[in-house]
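You will see two complexes here that share chain A, one where it goes with chain B and one where it goes with chain C.
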Partner chain A sequence: MLRFEKRDKTPVRLRVLVPICSVLLGLFVGSVVMLFARVNPLRVYGAVVKGAFGSAYTFSETLVIAVPLILISAGLCLVYRMKFFNIGAKGQYIMGAICGSYLALFGPATMPRPLLLTLMMVLGTIGGALWAIIPALLKAYWNVNEVIATLLLNYIASYILWYLMYGTWRDQRSHGFPLSKSFALNAQLPRILPAPSRLHIGLFFGLVAAGIVWIIIRKTRFGYEGRVLGENERAARYAGINVFKTIIIAAAISGGLAGLAGIAHTSAVLRILQLEINSDYGYTAIIAAWLAGLDPLVAVGVSVLLAALEAGGYQIQIVMRVPFGIVGVIESAILFCLLAGEIVTHYRVSLTRRLTA
Partner chain B sequence: MNPTFGSILIKVFAGAVESGTILLLPTLGEVLTERSGVLNLGLEGLMLIGAFFGFLGAMKTGNPYVGLLLGMVAAAAAAAIHAFICVTLRGNQTVTGLALSIFGAGLTSFYGDSWVSQRLTIAIKPMAVPVLSQIPVLGPIFFSQDLIVYAAYILVAIFWFLLFKTKVGVNLRAVGENAKAADAMGVNVVGTRYFWTILGGALAGAGGAYITCCIHPYWLNGITSGKGWIAVALVVFAMWNPFNALVGGFLFGSIEALQLQLQAAGTYINSALLSMLPYITTFVVIIVATVIVRVRHVGTPKELGIPYAREEK
Partner chain C sequence: MKFLKVSLIVLLAIAFVVGSTGCKKAAPPTPAVEKLKVAFVYVGPHNDGGYSQAHEDGRLYLQQNDPNVETTYSESIPEGAQSEKTFRDYAAAGYKLIFGTSFGFMDAMVNAAKDNPTVKFMHASGYKRSDNLGTYFGRMEQPDYLAGLVAGKMTKTNKIGFVLPFSIPECIREVDSFTVGLREVNPTATVTVVYTNSWYDPAKEGDAAKSLLNKGCDVIASGVDSPAPLDEAFKAGKYGIGYDMDMAAGMKTADEAKSVLTSRIWHWGPYYLKVAKAVEDGTWTSGDYWGGMADGIVDIAPISSAVPQSVIDYVNTRKQLILDGKYTPFDGPMINQKGETVVPAGTTMSDADQLNLQWFVQGVIGEIPKSGS
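So, the complex of A and B:
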């Protein structure tokens, strides 16, 4: 029978090998699913690589998707270490986009651009943070399951956006389409490469955020307390750590980064508020954080990789008429393999003869 | 009471029983799965898998009952992945469930793409129960439904009895409360958890397939629209009791039916706000239910979400 012995420390070799094997197995599962639909996986993967890295422009579009993933996954690395399973980044992203866009659509038009943009980003961050603080408070005070709470808040945020886009925020001249008026130039976050590239300065927000969260986790008392809390809540309480405060601050940081991702993407890439603002990045970022082993710097690289898969996924949908759902299959298969792989990172597995007694 | 108003009310409540059954089946399954100590947050994905493969089966065979069965088998197979990772490999149950939800959504929208908007010609039809359906008010609401609704009533009774009145139920609850003690008593912890996780998956699949084989006999990507998550919340509301799952399912079915009737009647209430109603209600209910569970110390299986490792002290 199989015997499991708990490891004290995971060898670096395994920490690298498990994610790589997971990605390969995920791609393999994707291939099997495609073969059942009589789609040639090699052609699809070829098109994905070309669609993501084929030219300077396509690569910059991959980075456009990577920006929100980097921002969101950095925050998730922090909260997941405390075992607060915030899966509400989608809703926090939407609330960030709504709050920041309020200024863009209804704020004083004469405000200088740097000031307006700063206020929009701050408001978006606050909107996302508040949306994450609600479930954190519920968890801290009444132990309400945060997975269910954050998920329901995703649906509620989506309907708030829907309500606004079919209501007072709709542009009078949109012929009934659920679109806001276009953002004025002052309210557009600057892009950093020549057109048609849409890559924007949000990339720097992401890199800075990943760096700061890495420092918080590794070098600060707060990060240390969070890690203790994640490993053993009772031990954390005995050690005098304020569990409530730690969870709420971490949730606010993660929600705030998701909100920032939402408003940055809306203001720089879309330049309009609409029903589809790519809020599903909130789910993709969960996979990025987990694949990165909850290390925000590793998550930067992983985000680019997953962004490539998504960018390529859009391409194959348009060019080869392969449904985008295949991206979800591959991403979830990667996640399954990672979770299954934890058995070898957490335990030393050996085959022994059946134990008697 | 105005007779037309009365007949509208009966229609609303009959609709509530239908919508309620969609929620009841996965909730009932998850009650049993969680009683065994396994948390499966993948209900939304399992319902989608049940809905799509149920629809596919009904399209290919022309028999909606065969479709329903296929939907259940497909969802049970997907639940087996959850059991393997969470029970055998002791993976993180929360994240595995989430992966299962993403998997179900991706898989069904990939295979379902070419089926979008196609309609089933033969769906499951209502069958009035003789005698019982003649009872005024209650008859048309509860006993002029389809076979799946009746099967759900019966399953609630069976699983309630099984859980609280039989040896099988004692063992099942023991595994979820204290796996080590159950193991010492000679109960097969791993087998029990596998069985109830897979059975819970089959019931979630039945809930999904009930949508596409009966209520809305066509396919749309993401047709379950969050009902799986509402079901996860309803398990807390039900305090892990099959009978309360029935109450919760119909209560939420009523909200859904009311919302649909209000939208159809073209009231002044904004349709976005009406569509939000079930999620807001669920959000409030999960908070209230959690507080009640805490105050009264009932319900939650003690080792919910904790993998069992025999060789660790």
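So, the complex of A and C:
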């Protein structure tokens, strides 16, 4: 039988060796799949890296994907530390995109650009925050499991978007196709590099958000209370921490950042509201937050790496005509091995003849 | 979480090492003559047995007939956000002519074209153009009309089912011209429309066909990208009418091939060759191409042996009229679902009206969802 024994302290060499071995193992598992697909794994990995970092353009595309991941994962680091498992970043992202786009599509055309964009970002943030406050209230008042509530709200948000795109928000000139009008120049968040790069000022939103969340967690009373709450809710109550308030504020910050990611990406990159607005970043960001050990600054780096894997994945389809699914295989193999590695770092695993009573 | 920071750095280092070795191996010798790099972006798999495969056949035709091109494709690219990245990546990778073959790529291509002025973009079935973004499509309505004639002669229940992806003009035109042909030979027959809201979704397409068969339809026409509706029709012992390619040719058994009365098909190859040549010569200009059967870009596949010769002969005489430019399915009188004459006798619906078509002719059972804003 396998026996797991919690370690008091993880040896330094394990902390370094295990992640390296995990990644290598993940790459190896990915290679085996590629060999079955009759492609050279070394060339594929080379193409992924080149496709993600190989030129100024590809690197800026990697950062375009990283921006929403950074924003969302920063918020998730905060709520996950309180053991509020918000799986609903996707829905919050969509609601942010919808709320912010309302102003872009139906707002007064004469509004000055800085004001319009600021209001759009604020509305998007509020939209995402409200969408996260719903499950927080359900949890605070009726102890409804937030995993289920946030997950199901993702579907509701998706279908609200569908409803609008097939209904009143559909552009008349789209001939029945589910598209909004294109955003006017005034409603497009500025890009910071010359074309064809799409990198936009949302990058600064992300970096600032990650910094602020880090400060909240490390340096504020609120962050401390949240951590206590995450460790032991009963102790937090005895200590006089207002559990309701803490959960709701944290959920609002997390949802707000996801909403901001949604409207920033829609306004700067897509410049149109449609059914497909990359809302799956809401799931990828969960992985980023966990792999970063719930540290928002580390999550910035992890977000860039996950974005690189995705951006490089597009490139291997173009350069090598490898199915995009291969990228999913590599990504999951690496993640799976990293998560398995976590067990080895935290537990001593040994073989025993039988279970000890 | 220091070890994760360390592992991140290590990860990056490994990635770069692997990357640099991989790149060395991958670097091809520089070719003596610069070839025109042409990319195709498909919404479905390249071997979907339908719409995307018809374009893929066109790409292969181009590759075989023009030694000065180097072609590639991306498949199963979702419309919207993800497609824009694919178009941009191709432009950044040095592709100078990029075909996008699905309507929903439209705004992605507009955005990508704007930021890559030296790259020529060609969008099938769209209507937004710019200096380096052209549009092209074929008058599939002509084969649709001919297929309608076949369906009208073969139906016993006088109920035809049409599996339609979206209610955009491209699809409405297909249903209307099909129904015009159908009722020319069978004035009491009707066409029932079901939408799948997707270009390529075999499971949904099959379910849509099943629901039509349950309603008593005995001929199922497909306007979607896969042959799934035809499989359902065959399983129910009924007939199907294919789209995009000669779907009878792709069927597993002779019986199933026979159940496919005919297909309305695309021949993209010669057109793709013409566009590539124009880009090579520097004579390419943006515009809209909308060719018909006379150009050979659309056609009707060989008609099944289940259909009597007299019907085939009739279809051929009507086909000749179309080829001679003496008839179009949009010749009046055309009557809408409410019984009002929209296109009077002696006139033909203008191309502009056809491109914006948003009404069904009499004999169609189904609605076009209302647009908002």
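We adopt the following convention: the second predicted complex is superposed on the first by the 278 of 357 C-alpha atoms of A that agree within 3 Å, B and C clash if a C-alpha of one lies under 4 Å from a C-alpha of the other, contacts with A are read in each partner's own complex, and residues count from 1 in each chain.
Assume contacts are C-beta pairs under 8 Å (C-beta built on N, C-alpha and C of every residue); 3 or more make two chains touch, one makes a residue touch a chain.
From a predicted model like this one, the values you see are computed outputs, not experimental measurements.
Asks: Touching A:Ile318, do we find chain B (first), chain C (second), both, or neither?
Replies: The second partner, chain C, only.
Asks: On the A-aligned overlay, A:Ile20 touches which partner chain: chain B = first, chain C = second, or both, or neither?
Replies: It touches chain C, and chain B stays clear.
Asks: Based on the superposed arrangement, let me know which partner A:Ala132 touches: chain B (first), chain C (second), both, or neither?
Replies: The answer is neither, since A:Ala132 touches no partner chain.
Asks: For A:Leu153, is the partner it touches chain B (first), chain C (second), both, or none of the two (neither)?
Replies: first
Asks: Let me test your reading of the model: by the given contact rule, A:Ala333 touches which partner, first (chain B), second (chain C), both or neither?
Replies: Only chain B; A:Ala333 stays clear of chain C.
Asks: Using the touch definition from the top, say if A:Arg198 reaches chain B (first), chain C (second), both or neither.
Replies: Second partner only.
Asks: On the A-aligned overlay, A:Ile70 touches which partner chain: chain B = first, chain C = second, or both, or neither?
Replies: After superposition on chain A, A:Ile70 lies in contact with neither partner.
Asks: Quick one: classify A:Lys6 as touching chain B (first), chain C (second), both or neither.
Replies: So A:Lys6 only meets chain B here.
Asks: Hey, is it chain B or chain C that touches more of chain A?
Replies: Touching more residues of chain A than the other partner does is C.
Asks: Pick one for A:Arg271: touches chain B only (first), chain C only (second), both, or neither.
Replies: second
Asks: Intersection of chain A residues contacting chain B with those contacting chain C?
Replies: 166-167, 324
Asks: Given the complex with chain C, which residues does chain A contribute to the contact?
Replies: So the residues of chain A touching chain C come out as 10, 15-16, 18-20, 23-24, 27, 40, 42-51, 53-55, 57-58, 61, 105-106, 166-172, 174-177, 179-182, 195-196, 198, 269-272, 274-278, 291-295, 298, 301-302, 305, 308, 311, 314-315, 317-319, 321, 324, 345.
Asks: Under the stated contact criterion, what part of chain B meets chain A in this complex?
Replies: 41, 81, 84-85, 89-92, 94-96, 98-100, 102-103, 105-113, 221, 226, 229, 232-233, 236, 270-273, 275-276, 279-280, 282-283, 286-287, 290-291, 294, 309, 311-312
Asks: Residue numbers of chain A touching chain B in their complex, please.
Replies: Listed in rising order, the residues of chain A that touch chain B are 3-6, 33, 36-37, 85, 87, 138, 142-145, 147-149, 151-153, 155-156, 159-160, 162-163, 166-167, 283, 286-287, 290, 323-333, 335-336, 339-340, 342-343, 346-347.
Asks: Under the definition above, what is the set of chain C residues touching chain A in their complex?
Replies: These residues of chain C touch chain A: 1-8, 10-12, 14-16, 18-23, 25-26, 39, 72-74, 76, 78-82, 84-86, 88-93, 103-104, 106-107, 110-112, 114-116, 127, 166-169, 356, 358, 368-369, 371-373.
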